[in-house]
Structure formats: C-alpha cells, structure tokens
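Think of it as A, B, C and D in the order they're written, each chain with its own count starting at 1.
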Amino acid sequence: MNAKEIIARRVAKELKDGDVINLGIGLPTMVANYIPEDIDVLFQSENGFVGLGPAPEIGHEDKDLVNAGGQPVTAVLGAAFFDSAVSFGIIRGGHVSATVLGALQVDEKGNLANWMVPGKMVPGMGGAMDLVVGAKKVIISMTHTAKGKSKILKKCTLPLTAAGQVNMIVTEMGVMEVTDAGIVLTEMNPEFSVEDIKKVTEAELIIADDLKKMEI
Amino acid sequence: MNAKEIIARRVAKELKDGDVINLGIGLPTMVANYIPEDIDVLFQSENGFVGLGPAPEIGHEDKDLVNAGGQPVTAVLGAAFFDSAVSFGIIRGGHVSATVLGALQVDEKGNLANWMVPGKMVPGMGGAMDLVVGAKKVIISMTHTAKGKSKILKKCTLPLTAAGQVNMIVTEMGVMEVTDAGIVLTEMNPEFSVEDIKKVTEAELIIADDLKKMEI
Amino acid sequence: MNKIVTLEMAMEHIKDGMTVMIGGFMACGTPEKFMDALVEKGVKDLTVIANDAGFPDRGIGKLVVNKQVKRLVTSHVGLNPEVGKQMNTGEIDCELIPQGTLAERIRAGGNGLGGILTPTGVGTIVEEGKQKIELDGKVYLLEKPLRADIALVGATISDKKGNLYYNKATRNFNPLIATAADLVIIGAEKIVEVGEIDGNDVMTPALFVDYIVEV
Amino acid sequence: MNKIVTLEMAMEHIKDGMTVMIGGFMACGTPEKFMDALVEKGVKDLTVIANDAGFPDRGIGKLVVNKQVKRLVTSHVGLNPEVGKQMNTGEIDCELIPQGTLAERIRAGGNGLGGILTPTGVGTIVEEGKQKIELDGKVYLLEKPLRADIALVGATISDKKGNLYYNKATRNFNPLIATAADLVIIGAEKIVEVGEIDGNDVMTPALFVDYIVEV
C-alpha cells in the first residue's frame, strides 16, 4: 500500500453516517474510494451541489456537471444544486461536517498554508479559505514530508490560508490532533517508530499516553 | 369620482412599460385597476413573488398564494416565486421601479411616517422600511388630510419609516414632488384652488411655474 | 439515517424557554399542525422568531393567544390584536425588525456571517443601540445574525432524505430558517421518494434537515 | 418590451474599459459564445469579475490570452497559466478574493447591502487594508459590495421575458451577477414561451434581465 492510499484509507475512517464532506482536489479526492459501505456520506462540491458522485464513464460526460476542478463528475440520487452564495453559506455556516485538504505547511497553532508560494505559485485561494474557516472539522491529509523536508512546523513560513483552524493531520506515518497544548500524535503507522516520526517533524510532537496503531 | 379613485388613477399614470411595482395595502392596491392597457407592468409582492394578479373568484382561492396582507391573490403568466431574502434583495437592491404607499405624515425633507402611532397603534413596519429605502421611486398616495388635519407637514412628529426617501405625493387635490428646495406642487385638481390646497397643507408649498391640471 | 418521525416525536424536542424560528407569512407556509401540537403540549416561555404574528386563530397567532410566547422577534403584528394587548400588559416582549433586515439577519445566522450592513432603518428608531458605519459616503446599520434552537419549517414536498420543495408563496422565510437553527424540523404536506424532486428544483438541500413529519 | 436580440446587438453594449461580471465556474455555465464574440470584437482594458480565469482555450481564459483584461477580480487562476505570466509582466492586475467572499460581495452589490462581515481571511493577507470588526468576541472582515457595468450570464433556458433556469452545476455565479450589474445580458441555450418555466422553478426572475441572446 503506498503512502497516499494509507492516508486516504485512514481519513475515510473519520467519516460518520450522515456527514457532509468536502474533499479537496488531489489526494483528498481519493478518500471517496474508501468510505465504509454501511454509512451514508454526502459529498459537497463548492461549485454548487451536494451529492457529488464518481467520474462518469468516458463518453458519458455531462457538460453541465463538473467538480470544483472543472472535471466531469456525476451526481448521486438525491443530489441538490444551488448557486455559489448558497454553496458557501453551507460551508461558512458550519453545515459541512468536515473538509479534507492538502497542505504545504501546518503548524503547532493549527495554522495552515496551502494556497500560495510567493514569487512561484499564486493560483488563488479558490474556496479553501472559506472551507477551512467554516467546516466543523478540518482534516489535513498529506505526505509527512516534501522532498525530505518537514511540512509540520513550529510556525508556518508561507502565507496562511487560515489561522488556527486545523483539527487533525493524517500522514502516512500517523495521525495527529491539534490541541491547545500543541500537536499530539495519537496513532502511528507500525512501520515507523516514534523517533522516525520526530526526526521528520519540525513541530514539537506530544505523544499521546494511549498512542494507538494507525487503523487502515 | 371619489378621492381614492382620483388618486389611484393619477398614480397609475406614473407607471411605465417594463416597470416593477410594489403596491402597499389599502388605497395603493387600487392603482392596479387603472394601469394603461398598452404597457406591461409587473407587480412585486414582498412575501415572495413577482407577477401578482387580481383577487381570485370566490371558491378559486389557492391556499399557497396570498399577498403581503395574507389575502388570496392570483399570479400572472410568467410570475416567479422566491424566498424572503431574495424578495428584499430585489427591493433593497433597487430593482423595484416604484413603491406606492400610504402615509400618516410626510414632510418637506421627504421624511415619511406610516408605521406606528406611539401608545396607540404598533403594527410593526413589515416591509415598509425596506421598500421606502430601496425602491427607485417612492410615491405616497393618500387623501390630503385626515379628519381635517394636514398630513403634509414641515416636520413629521410620528416615528419615521425612513428619512428623506419620498419622491412624490399624490392626493385628491394634486401632485407634489419632493425636491431639495421643498415640496413643489406640480399638478392641481381643477376642483380646487391653490389657496384651497395651501390652507390644508402645513408644509410650505412651492408652486411650480408650469403648474398643470391633474390628469386623471 | 431515517429522518421521518411522528408529530409527537418531533415536538418532544421543543422545551420551555427555547428560541424557535417558525416559517410562514401571515400563516401561509406555516406548519399549522406544529402550531396545534405546541398549543396542546403547552410548552411555554418561548422566544419566537418569525415574519409576523399570524392571525389569532391561524399560524403563530395561536401560540400568542395561548400565552406561550415570552418574546417575539418579528416584522409585523398588525393582524393579531392579541399581541398589542399582551404588550400593554407586559406579558409579551416584542422586538420589531424591518422585514428585509429580519430575512438577512436569519440568513447571516445560517450562513456564518458576522452581520450585514443595511441602509434600512437609518434615521428611524430602528437604529437605536446599533452600530452605524459610514462607507463611501453612505450610512448603514450593522445588523447582527439571528439563530435559534429549533426551526419549524413548512414544506409542500419533502423527499425521504429531506430535500424540500415549497409551492408558490409558501416559500417566504422557510428556506432561511432551515439554515439557522441547531435542530430543523420539517412539516411536509407530502413525502416522496428520493429523486422525485429534481436536483435542480430542490429549494432546501437535505443536509439542513434533521426531522421530517408528514402533516 | 422585447428583450431578445442578436449576439451582435448585445455585444455593442460592451465598451473598452468597462467592468464586466461573467458567470461560470471553470467555464461550466460561462456564456462561451459571448467570450468568442468579445475576442472577435477586440474590446480592451476590461475589468473582469468572475469566479476564475477559466482555461486558456475555454471560458474567460480566452479574453486573458487575447490580452483584453486589464484587471481581474477572482478567486482562482490556477488552471490558466497565462494569468500568472501576465501578472509577472505587469500586463494584468489580479485581485484574489476567497470564493465565498466573492459570492457574498456580488450578492451584496445586487441586494443593496453596504457590506458583509465574514470570518474568512482573518489572520491572512486577505485582511490587508480591510476594516476588522470584533463582535461578541469573534473577529470579522468587513467586505464591501461589488457591482459591474455589465453582467454576462449563461443560462440553460430563458423564457421570452427573461425568467431563467440553470441546469445542474452551471448555476454557480450566474444568478448572483444577474442582480449586480447596470445591464444584464443573457446567453441562453434555449428560449421558450413565457409560462414554460414553472414560476416555482425560476432561478432568476425576469425583472433582472435586460437582453437575451439565443446561443
């Protein structure tokens, strides 16, 4: 199982029956593949609907039905469409149970940077700032390091997406919760040791008293 | 022709092809009866639709279709229904060409009082405050006096509905425009003299150089 | 998740002293069966947020007549003389709000906004106690969000998941209050299978809905 | 009043230097024929307000590639690398706004609000130059309304008076911009008789619409 699959499988276990979930593009999108069959989860697509389904078969694309990345998707039975003000009313108003997003950097205060690298990449924040502020739970799903460098920092150096909003970080190495005391490692992938993880994490890691094996 | 009919007929002449009009309850509602046949006017009902039609025949009431007074009405072909936020977005956003309302008092600054008499009548402002602030043109349609007392004052004494928003006043005696200089009598019902009108108007009346006969 | 419950089960959530938003405009679109059930249940000291006070024998008016409402936040009480009487005796506390402002404040409460700036009410007693903000030469009132413990929504059709459709003038405040309460209970005239309301025509997405009662 | 015009007649209203809102989300729901016509017409120095910059060969992106946009007010430009290039050369001025804030600012512009308070962007560079307001212990940014000279709206169906219906994800910013411009031009895939869109299902009432082009 590769790192991304480990992460997506673990994040999927966070979702509960009746949840409304917004998945970011890239790795977070993979979470949809691992939802337990016995629960009913609705995916919200910030471009204007709830009830996002999988990609259509080739030749069955509907030009009027795309996701927030502009890619053809399908809608499940019971989907509902709305305009962008309603869509972000749902997001900002706390009606999304959780948003799963990637990150460039996260820090001990729950700050998140995932929308620009000054002078290099300025794609715009799209809906990310609203999602991170508005969703009831913010789950960051990302590989633990980028080119060997830690992405979990004492303090973000890139421009923030939002201050103090991250609740949970899931990487291929483990699961971390952001608390008032700092970042707590609550689950660990048994392929790694605590020392392995600390070595590639710039932030101070608090090890949970009841540190568990990461369920995947 | 009684006073109310004179007023309603004259107000109807202010309306233009393509206008979106909100009529208050009571006298203003009568305006709908006198719209010229060659123009297309849509009536907005602040409880949530545009395309208000006349009252239904007895026995043909639709419980789901009432006006802002809770009375059964009909909808014209091409009517559109919406929620109260959209309804007042239309009103506050300047998308209503004119609102026609009654008044307890109007004054030289274009102030309007029509929603409460302290200690006596406190029905609530309903949509009146938004209508008067938001509509492109505010036309007050009312009998010139109440129990012999002037309703067109130097300064309103009752709690205001809105400050400085009235554009035009139509009574059975004439038509007045509210300008920066004060209230200008622009048309007069030939049954009255300028002196007759001045006598029952507490506000200073400026007489238009081209004072016309009131068209009804 | 089954959201369909009986009238009795739904009404159990409403307790003395709660803040309840109720949909409808002069009783059109108000879930009337919920009003009757609340009268029967006798729950009291309610704060009711709604467009108007209905009529004495119809809509929200029934709760007022039965003296179950301690505080009423509304735009219009003129068609229910009982409110005026109870205001005079001090039995009811009534806060009057311009209708458009009431709609926006509820929308703000449901949409995570900290407030909105409106020109409505400037220069009137509505501005008392409110922050005034001048922007680009125009003065606005800062109006704060409204939320409730419970929203009682009247819908024409609900599907089994809670996607809602309102007929004609019954829509009014119903979709707004459905966003702005901790618990949202629907009184639907008809419950249909999921998919029977086209996704384009859904006026309140099911994600806002907690319980559905066929009334 | 006949609102139905030809593409050429509609495009005559768009002049150099104007502010134009354009509907659509990554080109889905964007009136594509209007984009092509504007490229052909060569109108320049536009300020464009839209969710995103589309793709280089689709949607709003075409106007950027053809260097007709002086200023872009948007939430996302990541799928159109041409914007980044023109930002570096100073040919385009790009203001990035969180998507939900952009939607609310346009809605405020069309609904007569002086602004809205949002928690989005607090503690980020988005707050630079903006008034911060603390209410009940929470900090918000005061975001001001946006309006335009022209709105170019993509609709699936318009009736002959301009009542509009948007299919699925094409709705996005279209109903919002239809409220917030001095002149509103609709590119409709299909024009039907008045009454063919049920009044309950109208998503933009005709009163907002000035011109309709069948595209």
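Assume a residue touches a chain if its C-beta (ideal position, glycine included) is under 8 Å from a C-beta of that chain, and two chains touch if they have at least 3 such contacts.
The shown structure was predicted, so the numbers you read here are calculated from the model rather than taken from an experiment.
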### Message
From the C-alpha centres, identify the chain that is farthest from chain A.
### Response
B
### Summary
The larger set of C-beta contacts, choosing between B-D and B-C, lies at B-C
## Note on the structure
Rounded to the nearest Å, the gap between Cα centres of chain B and chain C is 29
### Task
Return the distance between the CA-based centres of chain C and chain D, expressed in whole Å.
32
### Message
Roughly how far is chain A from chain B, centre to centre by C-alpha average, rounded to an integer in Å?
### Response
55
#### Entry: Centroid distance [mean C-alpha coordinates] between chain D and chain B, Å
35
### Task
Could you list which residues of chain C touch at least two other chains?
104, 107, 112-113, 118-119, 166-168, 199-200
### Message
Please output the residue numbers of chain A that touch at least 2 other chains, ranges allowed.
### Response
49, 75, 81-82, 88-89, 91-92, 133-134
### Task
Please give all chain pairs that are in touch with each other.
A-C, A-D, B-C, B-D, C-D
### Query
Contact residues on chain D for chain A in the complex?
25-29, 51-52, 55, 74-79, 84, 87, 96, 98-104, 106-107, 118-126, 156, 166-176, 203
### Query
Quick one: in the complex, what on chain C touches chain D?
104, 108, 112-119, 133, 135-136, 138, 140, 142, 144, 165-168, 199-201
### Query
In the complex of these two chains, what residues of chain A are touching chain D?
45-49, 62-66, 68-70, 75, 81-85, 87-89, 91-92, 111, 122-130, 133-134, 159-164
### Query
What residues of chain A sit close enough to touch chain C in their complex?
17-18, 20, 40, 42, 44, 49-51, 75, 77-82, 88-95, 133-134
### Query
Within the complex, which stretch of chain D touches chain B?
1, 107, 110-113, 159, 161, 163, 179, 194-195, 199-200, 202, 205-208
